[in-house]
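Structures given as structure tokens follow.
Two complexes, one shared chain (chain A), two partners (chain B, chain C).
Take a look at the complex of A and B:
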């Protein structure tokens, strides 16, 4: 897993790449949440560089999404590759977490 | 383990005892160290055998009856966790080397520099404490591994092993867990004259996943006995599992109901890969998805169902992503296409051979690459 992030105003865009599976899912969540500032109101997770996500990875995304939802903050993911998009579509997670084609769309949304 | 370390000093020189007691009086008064004394190796062994609370030995080399180097050799038999420090004449490298080779932890030279001795003793005891800590962690790990292996056996034991024997129906299923305790499961059971079939994959693996798996399985079987329509079964299971789920565990699954008399298979999918149909002529198709998402993550989910009629010789393959996402050494995934190729133009002769073929192909594909996910496959064939 590799991360980078970019903050402008109250919007935080996090880029995650690599693989998320059972072996690193909790590290993934920890790294992701470690990037949040109290002032961030909108978090966009750009998964354009993500090659693979397992159900363990989906679970930690769900945890992050629900935590942010409790704090009335917006969370969305974007730029899914075809393989990762399939995982979201088949599992139905695209109905639970906001998914956008690109970072720009996510910012509009 | 007590807070006071007990140190056995072995020396034939009677003057050493009062000297040590005097120089170490502060450590003795504060209960940091306690000293016991022996005059030769044999005496030392007797004292060690009589008192198992001695932590460390500080021994001279040249002594009557039994010398320090011989004593060193005997120590592991008394207690392999004892630590020994040797006192030798300055520059006596031969004996020092021999002592180190025989397991001495460190050495000090004569005449004893008490500042150096204090540092050496405290370093030795620190090492001993770390060693004991490591031993205790290892013991805990062994205990944990034993529990894991029991959990694994328990989990394997709840998977059914004797498929329903009915005219018009062959079922075969297998699950290979990736770690000790997996998150996949399958199930099959009779419901009057029909057969209920389940393949499921709980998010993540290990003990928490296996506990969630147990409750999913129970909820599903319970719901299936109550209502027949697969879509209603999944709606019921979801509302049960979703209610109290603080860990955000979820399960993707297919529940199917098969009528052996008519060949009608009705299924509903909760966020899982759709079943694969292998027709008698070897045509492979993916059955349509139904509406619905993984069970356990949201309230009031609408599930729908689809039906397909199996003709004689048709086989339906239900599997988890452990099959399609099995990796080889080049980080390639087994994938849907390879799964389809197992059967393309090669319709299986029985449910068992179909199931074995899937596992066989995945095994060959993965080669030596480690298995990262549970692999589950259930095959249903209309003979």
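Take a look at the complex of A and C:
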């Protein structure tokens, strides 16, 4: 997986691309947590470059979402590819995490 | 198009997840040859990751020595047949179904893998025969 992030005010946009599976899900969690600053109030995860996610990766997203929710921070995901969007629908993740078509939509959401 | 895959366990060295690139390569080859829709490649990969990692992980304590995997792709439908000699495990009945309608704060971490296999897989059949688990299922793109 590859990551980049862009902070603007209290909004953090994280780009994650590549594949997340049972071999690297724990690295994914560590990398995500390492990017969060206490001052970030709104975190947007851009998954436009994510090619593959298994249940191991979904667990990481769920942990991050629950953790940020407890801190009353906003968490959303955007730019899902067709295949990742299919997994989100089937797992019901699109019902519990805010999903937007683009980063711009997520910023306005 | 058919592909098969045999795995001995325990592996000489390494971690169960070392098998994932082999699965990915095999599926990518079939996907390209059969012009699979992207959702079929994703679903097939996800299902095989769950089934094989589950079997290998639990196999560490159940005397598992062999996994055989057969894949058959016809008209954008993939039939998966998985056989292993680990402890009896019927994913249709031996795993509790998570409640996917729970709100965020109440969603348990985990339990999703087998649920996704059962939701994405169709025509699931399980039988225990000659001390082996035999699982068959069909994956469609939608």
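Note that the second predicted complex is superposed on the first by the 109 of 109 C-alpha atoms of A that agree within 3 Å, B and C clash if a C-alpha of one lies under 4 Å from a C-alpha of the other, contacts with A are read in each partner's own complex, and residues count from 1 in each chain.
What we mean here is this: contacts are C-beta pairs under 8 Å (C-beta built on N, C-alpha and C of every residue); 3 or more make two chains touch, one makes a residue touch a chain.
Remember, it's a predicted structure, so these values are computed and weren't measured experimentally.
Student: Putting chain B and chain C on the same copy of chain A, do they fit or clash?
Tutor: clash
Student: Does the superposition put A:104 against chain B (first), chain C (second), both, or neither?
Tutor: A:104 sits against neither chain B nor chain C.
Student: Quick one: is A:22 in contact with chain B, with chain C, with both, or with neither? Answer first, second, both or neither.
Tutor: both
Student: Which partner chains sit in contact with A:92 here, chain B, chain C, both or neither? Use first/second/both/neither.
Tutor: In the superposition, A:92 touches chain B and chain C alike.
Student: Kindly classify A:30 by the partners it touches after superposition: chain B alone (first), chain C alone (second), both, or neither?
Tutor: Neither partner.
Student: Can you tell me whether chain B or chain C touches more residues on chain A?
Tutor: Counted on chain A, the partner with more touching residues turns out to be C.
Student: Which partner does A:59 reach: the first (chain B), the second (chain C), both, or neither?
Tutor: So A:59 meets both chain B and chain C here.
Student: Quick one: from 40-48, 58-66, 130-138 or 328-336, give me the piece of chain B that collides with chain C in the overlay.
Tutor: With chain A aligned, chain B clashes with chain C through residues 328-336.
Student: Would you mind listing the overlap between the chain B footprint and the chain C footprint on chain A?
Tutor: 21-23, 52, 54-56, 58-59, 62-63, 66, 90-92, 95-96
Student: If you look only at chain B, which of its residues touch chain A in the complex?
Tutor: Result: residues 183, 201-206, 248-250, 252, 270-273, 289, 292-294, 297-298, 301, 321, 325, 372-373 of chain B touch chain A.
Student: State the interface residues of chain C toward chain A in the complex, per the touch definition above.
Tutor: Where chain C meets chain A, its residues are 15-18, 20, 24, 38-39, 41-43, 45-46, 49-50, 53, 100-105, 107, 109-110, 112-113, 115-116, 119-120, 142.
Student: Would you tell me which residues of chain A are touching chain B in their complex?
Tutor: Those in contact with chain B are residues 21-23, 25, 52, 54-56, 58-59, 62-63, 66, 90-93, 95-96.
Student: Using the touch definition up top, name the residues of chain A that touch chain C in the complex.
Tutor: 19, 21-23, 52-56, 58-59, 62-63, 65-66, 69-70, 81-84, 86-87, 90-92, 95-97
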